[in-house]
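Presented below are the structures under discussion, each in the form of structure tokens.
The following pair of complexes shares a single chain, subunit A, combined with subunit B in the former and subunit C in the latter.
What follows is the complex of A and B.
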């Protein structure tokens, strides 16, 4: 049996693969179910970006908080939110993560440190600063992470948060998931100083760029900046260059993308394929072990869809519950 | 200066100096706008030397977009620049872009390639030039993290030196210098690569975030040159037994955590802002063309600061120093020669003086 060259045990590597595969199959299934008209509202799918969310969030515990985006399913799954509750939520059913009243863009589970997906672009950054300030007062080494896309990084809230985090030396990490498109607008057109690392530098924060489609690159870089934040080193920015396999939203015709771009991404920069090749080529995990996970994940997703469809809708009486949080 | 039909290539890596060393060691971050300013200064120099056309590598990281905006601004201000053409290539935002751009510049017949980046970017350009069998020289400017190979130099001066060579004012013999490489071969060429400065054998066995900064994983360092003044893993050799950039041979340094194996502990600046103690078990000169076999069973080869090639106990890894591998524009010699020969002089009667200036000769 070859020795394991990776910075995670075999058991942890299998968990990582399961998480990434769960995100992928969750999104692939939503793509199909949404096109059938089964799902109310909008969904924005995370497929293709799994290594980014997983590589970062596998460093966190439940006491660490994250603020997600409109494209938040991957963050939820990687942060440990129950897949069945997520599916019910997206189907708008009772028993969902927010009892079916939030939908795709408002999934939250405070018990897991998941403060919520967010339909407002750039709105997660100040929330994460608040969570980081609380963590600083609690002084238990907890941190907060906010995710933002390349488009939302132009929002004032994001830039103000970089400043605040720098001034207060908050244990917060700004993750820019750079998939190249702000909705349908190319980054080249819409971002005046196109390096997100430069934006951090403008506020005195260190920033780094990694290949967001390589789990081990994300894992290692995130590990360093998270450790730094936990130890009082303050905020930093992590730009993950990644790719989305689907449109901005489901139903997006994607006429703005060059021909063959998605096919090429699926064939050559699929983070799941990369991960599988890395761990199997070193003989740490067998293809059969990965296939077994694939099967069990498919069964989990199928089960979650069946239960979501069978679950009841919220009632009129549910309108007045969960409006305010009790402390 | 007389107009020239020669063309120059510029490969500016938009994402150099972006790795993890900014977080762990306060390494600097050269902002995109500053990189564009460096390119604009190069273009000014090339224009002053009479060069009319420059090929550039495109990117999707904002550098090309900002350069185009600034060139429009400069055009409005009636400043003189060469025509800038971006290569018609698919941008992947990986090192493949550098390979592709280098190849296309060779095909376009550029006289020289100016490279902006760190050691890794320069390595990528040279690797592709060697693959193409090209003798096109490069001129390096430091915009990376570990900058042992490219020079910390004002880009205006580098642009002038390249212009002197590209326009034929200086010949290859007068303007260019030979450089060494380290050649890595796994299983007698099954996989191979090169390094311009350092090939480091590490006990890490995955590529991950690429940068090398954990000294406990270092096993050995093979160096083309070792300058006590440089930053990075080559500083280990530079502080043990300096080897000149143009001197024959290289240096192999063997590292050990085992106190019984250690001959000495060396304090070395292995990255910007990172000074570490390294246990040295042995070091030896690397004569050219003599293969050194790596004894470590399983690890990764880092080339010019980035983990690149993993190997296991079944692989045979050899490291060989090669001399006269590729050319660089020797900026110092170019400018000294140009000054000695009066290449920037002109007759007072024909000299173009700034508006409002008068000649008192």
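What follows is the complex of A and C.
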């Protein structure tokens, strides 16, 4: 048995791989089902960015809160939201994570500390500050994390939240998932600074940039700033440079992207391939062990789709429930 | 023991008693302590009009001065509410809602429904409303209809010290987001208020004056203008009933319909701009549910469809006065069936 040079045990490495593979297959399956016309509404896929969400969220427990984005499926899965309930939600069915009332852009599970995907770009940052404030009053070392893309990092809510977090010394982490595109507009066009770390510095916050397609780089950087936040050291910004394998939304023809960009990303900077190569080359995990996970994940996703399709639709009686506690 | 205190004091007392009772109640806003980080008096302002003065001395770090950054701190109050706290966010003037509306109507208002009934957001957003302060177009609006329009929000606007205390305590304990509208021109108005804690349910209107001839349905400052009109009309032998809605969402339509069924005549009085406001809403609902009880067409009294002007001369013309209300009552009596 070779020694393990990684910062996680073999069991934890296998769990991490399972999470990343689950996100990937969940999104690949949605891409197919959406193109068949099975799924209503808007769907934004996280494929390509798995190492970012997983490398950060594997440090958290259920008492830690996250505020996600419109591209939230990966954050949900990495935060422990049930995949079957997510699939039913995306299919608009009763028994979905939000009983079919939220859909892809609004999956939430407060019991898992998942405060919701969010259809409003940048809206999660103030909410995460509130979660961090609540954690500060509870004083149990819990933290909050908000995700934004490079695009939503330009929102006033995000910039105001950097200041508020600094002023109140909140245990909150601002993660910028920089996939190079704000919808169809490039990061280089729409962001006025070269580095998001400079933006953090403008508010007196420490910041760090990592390769978001390298799980271990994300894991180590996130671990350090999360530990600091838990110990009362305050907020930080983490920029993860990553890549989006699909369009902004499903149905996006992506003619704004250079030819070959996605193929090159899938071939050369696929975070799952990188992770598999890292752990197998050291002999800690065998290719067969990863393949076994691949197989069981595919079965899980297939099962979730079968159950989602078979699940009952909401009825008229559900239309006006849960608007208020009572009315 | 009841004693006479102002609406301002009643609001302060409600917050104080709830913070004492429930450690999850926190409060944040611009200058609500007033003086944080300065070298002078810590509790210098206690809110821009002194409504929260003295609370810092009792509750310390549970009152948070905020940066001038409404999106961030109103959003933080909403986020903390979704995580088990009962925050009160003070927005100072309701006109500032424009810079943080997303956190209220897309976030707080929608969490319960959008998340399938699995989330609650017990946040209270307090804000001053209304004209008459010579504060011009961006510090004087009565924006109650904007919030009443949004499913998921509750909207409260008290007209007396007794109601202010009971409704605010209920709003803090309520598990839905509440927009608590405080009329700045009523802060000094005094009334009998019990020293002990009590609640008034949201969604219960109050018949503040009984009468058999005409119903006036209103809320906030306009309750007092309507009562003045009713007193004038009483000298002419006209008995006016005045219904104070107190909460605009949920709406106590039953009390409104009972009153109109009794009198057969309705005047809706609203300080909000005239299009799509509370008066038009009440008029439509009464027409739909009690048309056969009406003896005459409904009258509506609101300001003109223009921003709130600065010049005192113009502002006094803008705000509906008791004379206009009394004229509307006389007009409805001259019309229709006898």
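Here is the rule we use: the second predicted complex is superposed on the first by the 322 of 327 C-alpha atoms of A that agree within 3 Å, B and C clash if a C-alpha of one lies under 4 Å from a C-alpha of the other, contacts with A are read in each partner's own complex, and residues count from 1 in each chain.
Everything below uses one rule, namely that a residue touches a chain if its C-beta (ideal position, glycine included) is under 8 Å from a C-beta of that chain, and two chains touch if they have at least 3 such contacts.
Predicted model only: the values in this text are computed from it and were never measured.
Novice: Clash or fit: subunit B and subunit C on subunit A?
Specialist: Taken together on subunit A, subunit C would fit alongside subunit B, as the superposition shows.
Novice: Quick one: is A:323 in contact with subunit B, with subunit C, with both, or with neither? Answer first, second, both or neither.
Specialist: It touches subunit C, and subunit B stays clear.
Novice: Contact-wise, after the overlay, does A:58 reach subunit B, subunit C, both or neither (first, second, both, neither)?
Specialist: The answer is neither, since A:58 touches no partner chain.
Novice: Tell me which partner A:43 touches in the superposition: subunit B (first), subunit C (second), both or neither.
Specialist: neither
Novice: Answer with first, second, both or neither: which of subunit B and subunit C does A:168 touch in the superposed model?
Specialist: Second partner only, subunit C.
Novice: Per the overlay, which chain contacts more subunit A residues, subunit B or subunit C?
Specialist: For subunit A, the partner with the higher number of touched residues is C.
Novice: Just subunit B (first), just subunit C (second), both, or neither: which does A:219 touch?
Specialist: In the superposed model, A:219 contacts subunit B only, not subunit C.
Novice: According to the stated criteria, A:66 is in contact with first (subunit B), second (subunit C), both, or neither; which is it?
Specialist: In the superposition, A:66 touches no partner, neither subunit B nor subunit C.
Novice: Could you tell me if A:197 is touching subunit B, subunit C, both of them or neither one (first, second, both, neither)?
Specialist: Touch status of A:197: first partner only.
Novice: Please state the minimum Cα-Cα separation between subunit B and subunit C in the superposed model, rounded to the nearest whole Å.
Specialist: In the combined three-chain model, subunit B comes within 24 Å of subunit C at the C-alpha level.
Novice: Across the complex, what residues on subunit A touch subunit B?
Specialist: Residues 2-3, 5-7, 180, 187-189, 191-195, 197-198, 201, 206-211, 214, 216-217, 219-221, 224-225, 228, 236, 239, 241, 278, 282.
Novice: Mind listing the subunit C positions that touch subunit A in their complex?
Specialist: Going through subunit C, the ones touching subunit A are 26, 62, 64, 66-67, 69, 71-85, 87, 102-103, 106-107, 111-120, 151-152, 154, 174-176, 250.
Novice: Within their complex, state which residues of subunit B touch subunit A.
Specialist: Within the complex, subunit B touches subunit A at residues 14-15, 18-20, 22-24, 26, 29, 31-33, 60-66, 93-94, 204-210, 298, 310, 312.
Novice: Write out the stretch or stretches of subunit A touching subunit C in their complex.
Specialist: 65, 67, 96-102, 106, 108-111, 115-116, 118-120, 123, 125-131, 133-135, 137-138, 144, 156-157, 160-161, 163-164, 167-168, 321-325, 327
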